[in-house]
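Quick heads-up: structures coming right below.
Okay, so chain A shows up in both of these, paired with chain B first and chain C after.
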Partner chain A sequence: MTLSLIEGLLLVFVLGCAIGAAVLRDVLASLMAFAAYSLGISIIWVMLEAPDVGLTEAAVGAGIMTILFILALANTVRPQENGLFESLSVRTVVLVGAFVVVMVATVPSLPPVGADGTVHPNPVVSGEVTQYYIDNAYADTEVKNAVTAVLAAYRGFDTLGEAVVVFSAGVAALTVLRQEVFA
Partner chain B sequence: MSSDERTGLYVESTIIMTTVRVVAPFVLTFALFVMFHGADSPGGGFQGGVIAGSVVMMLAFAYGIDAAREWLDVRVVATLASGGVLTFATIGLGTILLGGNFLEYHLYEQFLSHATAYGIELVELGIGGIVASVAIGLFFLLAAGFGHAVDAPEDES
Partner chain C sequence: MFELLNSHYNYFAVMLLLGIGLYMLIESRNLVKKVIGMNIFQTGIFLFFITLAFRTGGNPPIIKEGGGPYVSPLPHVLILTAIVVGVSLTAVALALIIRIYTEYGTLDEDKLKQLYYD
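Let's look at the complex of A and B:
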């Protein structure tokens, strides 16, 4: 698999931000690294031709999450500590390293990006369900975005569950914070 | 005592206020575009709802969280959240009443042409309402903080 210059730079940027979010000592700095990581990932999603996921990642991961984290941080005491980076124990590094090795070991078994399934098996493209959605989504649901068709029609019951989960999260937050109204 | 004064969260800045005043209508329009146009282009209720919620957060950052809290009508937020769930559930269960399966949109065709497309659009709007209001609610709840809630449980402002 060959990477274009932009893709390579993005990958380096995202990895750097992820490591920064993990090892930076100041919580606010770590938070900023996390937001930058989300933004980088969202651009990667767009490059992988998943604009719906990219939009969600940018809006939720980089936007709302950062704001909520900053607010939570503003309501807590931030210790002034010396040193830019967290001191890492050997045990943590070994454990996280082992996990990364296990995850990376699964990467070669993924189909290459954009594979049409003729050379490498690619269940995402050659799967029967995918083809069904692509062929019938517009006729069945009259929406051009197949993602929306799956989300609101074919898998509508799941989406109702997700919407209720979001609603319940709001209600749970009200209960935990002993408030009666949202604003 | 307001939470803004307590934590020193709010800094009045002409630059931020002017920027937000100019940008907010466009962000809200973009949110509605993402929500309404999610059927034909990337986007949908979840994304559009988050963007719509962020408009209120922008206003809160520019004009102060307490000012935004007073400006915002809590009934609108609560109606959006519960109305979204009710809209989605009603559309889904309505088809069962008509003798079909859950969310079998085309059963509404007898009342309205292109009912499937309109049904999906309504469901997306419902999701958008839920997500926007819960995002706004979490924002204000976190801004108030836990101490605020324990000190004055009756204080709704």
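Let's look at the complex of A and C:
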């Protein structure tokens, strides 16, 4: 598929917010740029037909994450420094530029965005696993949303592992902060 | 080059987001900004996965009679898990940052290094 205007604008917005988060000197300003970035990218998920991911990103990425960052800032310090932007370090820009160039060199070997396997092969979309889930998800689990079916049934142990990660993170945060309850 | 940009646009965005995230991880002196950079790096990888799952004219994978073709549900599931794990990671990182601040009274990387070696 070719780039449509709205997708192009969204990508420019998201990249602009990311660059803003990188170069703004004030931590709170950088955080706000990051929140806008999360919201923009959740709209991109919806454009890419991933509404579940879009909802999660908007609620968790833009919502809870921003609250966590603001709580951390409230408990620490927001350094008052002069100047709106950070100065760019040439050495790091060269290093990161080299990294990006190497990564971009792999782009021509990837399938075009939206390839369905008819003209350009796209093993993710036309693969056996995808086809199996779409054909059998409803019959096996009686859940119409294939994402839910895979999340809770086929890969249920993955989700259990995820719950373990969240629990350990809670325990770790309490231990580090030397508290017994979240207050 | 323009043709490649027009057909692979999301992948270029992925690589640029990875670059921006890496730059923040290396160059930001404030620890909170480093964590923001880590999150941007993560979302870049998410974009890569969701783009691979997308097909032109595909519908969200909610199965109904004659509703196809659908985009692939599997990368969506992996990314849902990864988003939640990312938040847990951020929470622990921020807890460590609060603790560092109570111990050392600064979040500046250079000052922390100095305090640590003194």
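Details
As a working rule, the second predicted complex is superposed on the first by the 181 of 183 C-alpha atoms of A that agree within 3 Å, B and C clash if a C-alpha of one lies under 4 Å from a C-alpha of the other, contacts with A are read in each partner's own complex, and residues count from 1 in each chain.
Criterion: contacts are C-beta pairs under 8 Å (C-beta built on N, C-alpha and C of every residue); 3 or more make two chains touch, one makes a residue touch a chain.
It should be emphasised that the depicted structure is a prediction, and the values quoted were computed from it without experimental measurement.
Using the contact criterion defined above for the overlaid structures, shared-chain residue A:V147 touches chain B and also reaches chain C. In the superposed pair of complexes, A:L71 makes contact with chain B and with chain C alike. In the superposition on chain A, A:Y138 makes contact with chain C only, while chain B stays out of contact range. Legend: residue contacts after superposition of the two complexes on their common chain; A:I43 is shown touching neither chain B nor chain C. Residue contacts after overlaying the shared chain place A:L110 against chain C, while chain B stays out of touching range.
In the superposition on chain A, A:A169 makes contact with both chain B and chain C. Once chain A of one complex is fitted onto chain A of the other, the partner contacts of A:L160 are limited to chain B, with no touch recorded for chain C.
In the superposed pair of complexes, A:A29 makes contact with neither chain B nor chain C. Counting the residues of chain A touched by each of chain B and chain C gives the higher count for C.
Residues 51-52, 56, 60, 64, 68, 71-72, 75, 144-145, 147, 149, 151, 159, 166, 169-170, 173, 177-178 of chain A lie at the contact with chain B in one complex and at the contact with chain C in the other. Per the touch definition, chain C reaches chain A in the complex via residues 4-13, 15-24, 26-28, 30, 32-33, 35-37, 39-40, 43, 46-47, 50-64, 68-77, 79-81, 83-92, 94-99, 101, 106-108.
Residue ranges on chain A touching chain C, taken from their complex, read 1-3, 7-8, 11, 14-15, 18-19, 21-22, 27, 30-31, 34, 37-38, 41, 44-45, 48-53, 56-57, 60-61, 64-65, 68-69, 71-73, 75-77, 79, 86, 89, 92-93, 95-97, 99-100, 103-104, 107-108, 110-117, 122, 124-125, 127, 129-130, 133-134, 137-138, 144-147, 149-151, 155, 158-159, 162, 165-166, 168-170, 172-173, 176-178.
On chain B, the positions that touch chain A within their shared complex are 3, 7, 9, 34, 38-47, 50-51, 53-54, 57, 69, 72, 74, 77-78, 81-82, 84-85, 88-89, 92, 102-103, 105, 114, 116-117, 120, 123-124, 126-127, 130-131, 133-147, 149-150, 153, 156. Listing the residues of chain A that touch chain B in their complex gives 51-52, 54-56, 59-60, 63-64, 67-68, 71-72, 74-75, 140-145, 147-149, 151-153, 156-157, 159-160, 163-164, 166-167, 169-170, 173-174, 177-183.
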